[in-house]
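I've put the structures underneath this note.
After this come two complexes, each holding chain A, first together with chain B and then together with chain C.
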Partner chain A sequence: MKLYDYILSPSCYKVRLMAALTGVKLDLRPVDFHPGLEHRSPELLALNPAGSIPILEEGDLILTESSAILVYLAAQAAPEWLAGTKPEEAARVQQWLSFSGRLTANLGGARLHEMLLRPGDIGALQAQGIAALRELEAGLVEQNLRGERFLAADRPTVADIACFPYVALAPDGGVSLDPYPAIRLWSRALRSLDGFIEMPGIHRLHELKAEPTVEESKA
Partner chain B sequence: MHTLTTGPWTPVALSADLPVGTVIPARIPAGSIALWRSESGRLSASADRCPHRGMSLSHGFVRGENLSCIYHGWSYARSGQCIRIPAHPGLEPPETIRAKTFTVEEVGGVIWVATDEATTAPPAFEGLAPLRSMTTTAGIAAIEAAAGAKASAEGLVVPVGDTLCLLVSTRDDGQTLIHVLVTGAASAEARIGASRAAESLRRAAEAVQKENAA
Partner chain C sequence: MSVQAMIDEWYPVGIAAQLDAAGRNTMLMGEPIVVAKDANGQAKVTGGNGRLLPVKMRYGHVWTSLGEPKKDLFPIPEADQPGRRFVDVGVVRVRCSPLRAVENFLDVAHFPFVHTDILGAEPHTEVQNYKVEIREDVDEVWATQVKFYQPQAAKSASGGITTEYMYRVAAPTCTVLYKTCPPRPSEWDVITLFVQPLTEELCDVWPWMALFDDETSMTDLIHFQQTIFLQDRSILENQIPRLLPLDPGMEIPTRADLTSIAYRRWLKRHNYTYGAQLVAQ
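Then we have the complex of A and B:
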């Protein structure tokens, strides 16, 4: 399974993270997104005319939407990451998968503006990002009141992985995460999962490992 | 300006949002703080600045009974004293390396931090249980207008016709921190309703704020 990947892309990280959590081995093909604009090269446009990454290629299957890729990985390796049979749970997974597209537009747009100088109305992007974070926070508060720790159930699903990266990287776009206690605890729960991997800007929980011991060097 | 008579105490967070072994950022009139709870459950508050390189300690992590900075791993005890410098494992850090600390109290699920010497206990709200915290760009006057009720001396706003209470405090960044409280016996359904009502109140208060600014 080949992933056309860019280390700083939150959408590519969703796929790498899902694969790590479900034990799927990916063949990573790095794309020079910035500054090379390789995602708009003839070779990549032939795979994905929309000119976006990630792209997942396996045999004649080509997937270019990160949510679809998450579903594909989960369906193959770990179906418990998909919605169960309860109607509310199935609907909530779809609700948050769609919502994750808005996060890409607003928090992701603000991040691209601030990090890669992409043109845009930064004030509007940040305001939309804050509105989305408030929505997510309220959703998580309600889930906690129902006794469920994650977005669609009391176990993590593809919906959590779809929403997590752009939320965790909101500060890159100048949007603070300080006002959202439920998001903070949710992010902690996700980063505590076995097999969790990092990307630049999203670090693991250091306290989960024992304190490293270092011998003083005698210079 | 509203003069609240909570003395030196600021309600900074809800107990449920700070589980053991975690650190969170918070604000008091004296500035930003790192609020943390050790593995054994002891609460601490220190200035949100590592004495070493100024990194926010709230970005750090709690291991055992100590708070560690994310940057170079310097660790601090509850007293603020630096107790470990990983790059110099053989060195006992001098007493002068110390993070400023503040007094913390937890009453009825609300965490209060004192800016000065506290001679009184923070307020207790009988019969009310914390639901959630939220911040708003609306000031207390706009919240009062939206709620149709005045804040009590302790910062409690009881909106007309609602079952929820808002514990409000103005932060040093101009935002208002709201802790939403509900009557202790409320069902999960009622608590979800109260959370949605609080969202609506915030929207209304921010509309009032915007109107008044125009």
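Then we have the complex of A and C:
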């Protein structure tokens, strides 16, 4: 399974992260997105006329939408990452997969503008990004009230992986995560999953020191 | 803050290979400038009031100055050495003082914590003693005999090695790093950080490398360096105060900070204070 990949792309990282969490082996083909703009080269445009990455290639199958790639990896290697049979859960997974496209546009757009000097209306991108973060925060709080720690269930699904990277990298685009405690807890829960991998700007959790032994009080 | 002392220095403002006739609107020390290719294919840099600025093409980049440079651009002899591969890593904007971007590059102690499993790893956190001097003849800051254990020192390294470094500050916002070259132990790999000061708290960083490595693809070389630098970026954007403090009242350095202290002293001595905080607040 070949992934056309860029190390700084949050959308490519979604795929690398999903593969790491589900034990899928990827054959990485690095794309010189910056400064080379290789994603707009004839070779890559022939694979994906939209001129975006990631692109996943396996045999005759070519996937160019990151959410579809996540679903493909999960369906092959770890179906528990897909929606279960409950209608609400299935709908929530779809809801957040679609929502993740907005994050790519607003928080991702702000990040590209602030970091790699790509054009864009930075004020509008940041404002839309903040609106999306508030929506996500509210969604996570509601999930917590239902006793569920992740976006669509009490277990992580493809929806969490679809939303996590652009949210975690919001500060790269000048959007602070300080006001969102539920998002921070959710990020922590995702980063503590077995097999989690990092990317520049998304750090691993520091190893926690062992709990101190507290003697029972005799008083 | 003083623009004056730094105004006659050369600054990077673009990648030579990416020049075009349409031009790139950017900034240098608060002044809007345009970097373009003229009718003869030469680089042309225009200042805010339409005046033509001096131009040099060197080390893969376009260089200019708002003032009248008294010195030529600093030399990097390795740039003319046959067999090296030259890597334009590409611009990255960072919301930090240009001086802080340089200072961070000079620091070794952060490797295990920021570049975990690449340039450092716990428990190998000790910065061994090294030498720092301000070389009066060339007016540069040099740190030598810097040694550090690195799990993956370069794209060309397989497995952990103790890497030797030399650091050099060649201009107020330009620094050159020489490090052990895994495939060719008798040579140094050259990794630079050229910083374009946009304002006192905003800069465009243009990393560039001159390496001996015939195996790794150009894209992999670029991505290795971008990975490292983007790990630094989030740290740089969170440093407080945003300006680099030159007043020793605020901080207590340790021995590992020798290079940083020499850099700050050198900046202060020359009144290179664009991006610096002079009195602790």
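Throughout what follows, the second predicted complex is superposed on the first by the 207 of 219 C-alpha atoms of A that agree within 3 Å, B and C clash if a C-alpha of one lies under 4 Å from a C-alpha of the other, contacts with A are read in each partner's own complex, and residues count from 1 in each chain.
Everything that follows uses one rule, which is that contacts are C-beta pairs under 8 Å (C-beta built on N, C-alpha and C of every residue); 3 or more make two chains touch, one makes a residue touch a chain.
All figures in this text were calculated on a predicted structure; none of them were measured in a lab.
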Query raised in the report: Is A:R184 in contact with chain B, with chain C, with both, or with neither (first, second, both, neither)?
Result: first
Query raised in the report: If you stack the two complexes on chain A, which partner ends up touching A:E142: first (chain B), second (chain C), both, or neither?
Result: first
Query - Larger contact residue set on chain A - chain B or chain C - result: B
Query raised in the report: Just chain B (first), just chain C (second), both, or neither: which does A:C12 touch?
Result: neither
Report task. May I ask you to decide whether A:R204 touches chain B, chain C, both, or neither, giving the answer as first, second, both or neither? Result -> second
Report task. For A:M1, select first, second, both or neither according to whether it touches chain B, chain C, the two together, or no partner. Result -> neither
Query raised in the report: Taking the superposition as given, does A:P212 touch the first partner, chain B, the second, chain C, both, or neither?
Result: first
Query raised in the report: In their complex, what parts of chain C are in touch with chain A?
Result: 15, 18, 88-93, 95, 116, 204, 217-220, 222-223, 226-231, 233-234, 237
Query raised in the report: Hey, which residues of chain B end up touching chain A in the complex?
Result: 13-14, 17, 19, 21-22, 24-25, 61-63, 68, 70, 86-90, 131-135, 175, 188, 191-192, 195-196, 199
Report summary line: Residue positions on chain A within touch of chain C in the complex are 6-8, 30-32, 34-36, 38, 114-117, 171-172, 174, 200-201, 204
Requested in this report: Would you tell me which residues of chain A are touching chain B in their complex?
Outcome: 134, 137-138, 141-142, 145-147, 178-179, 181-182, 184-185, 188, 203, 205-207, 211-216
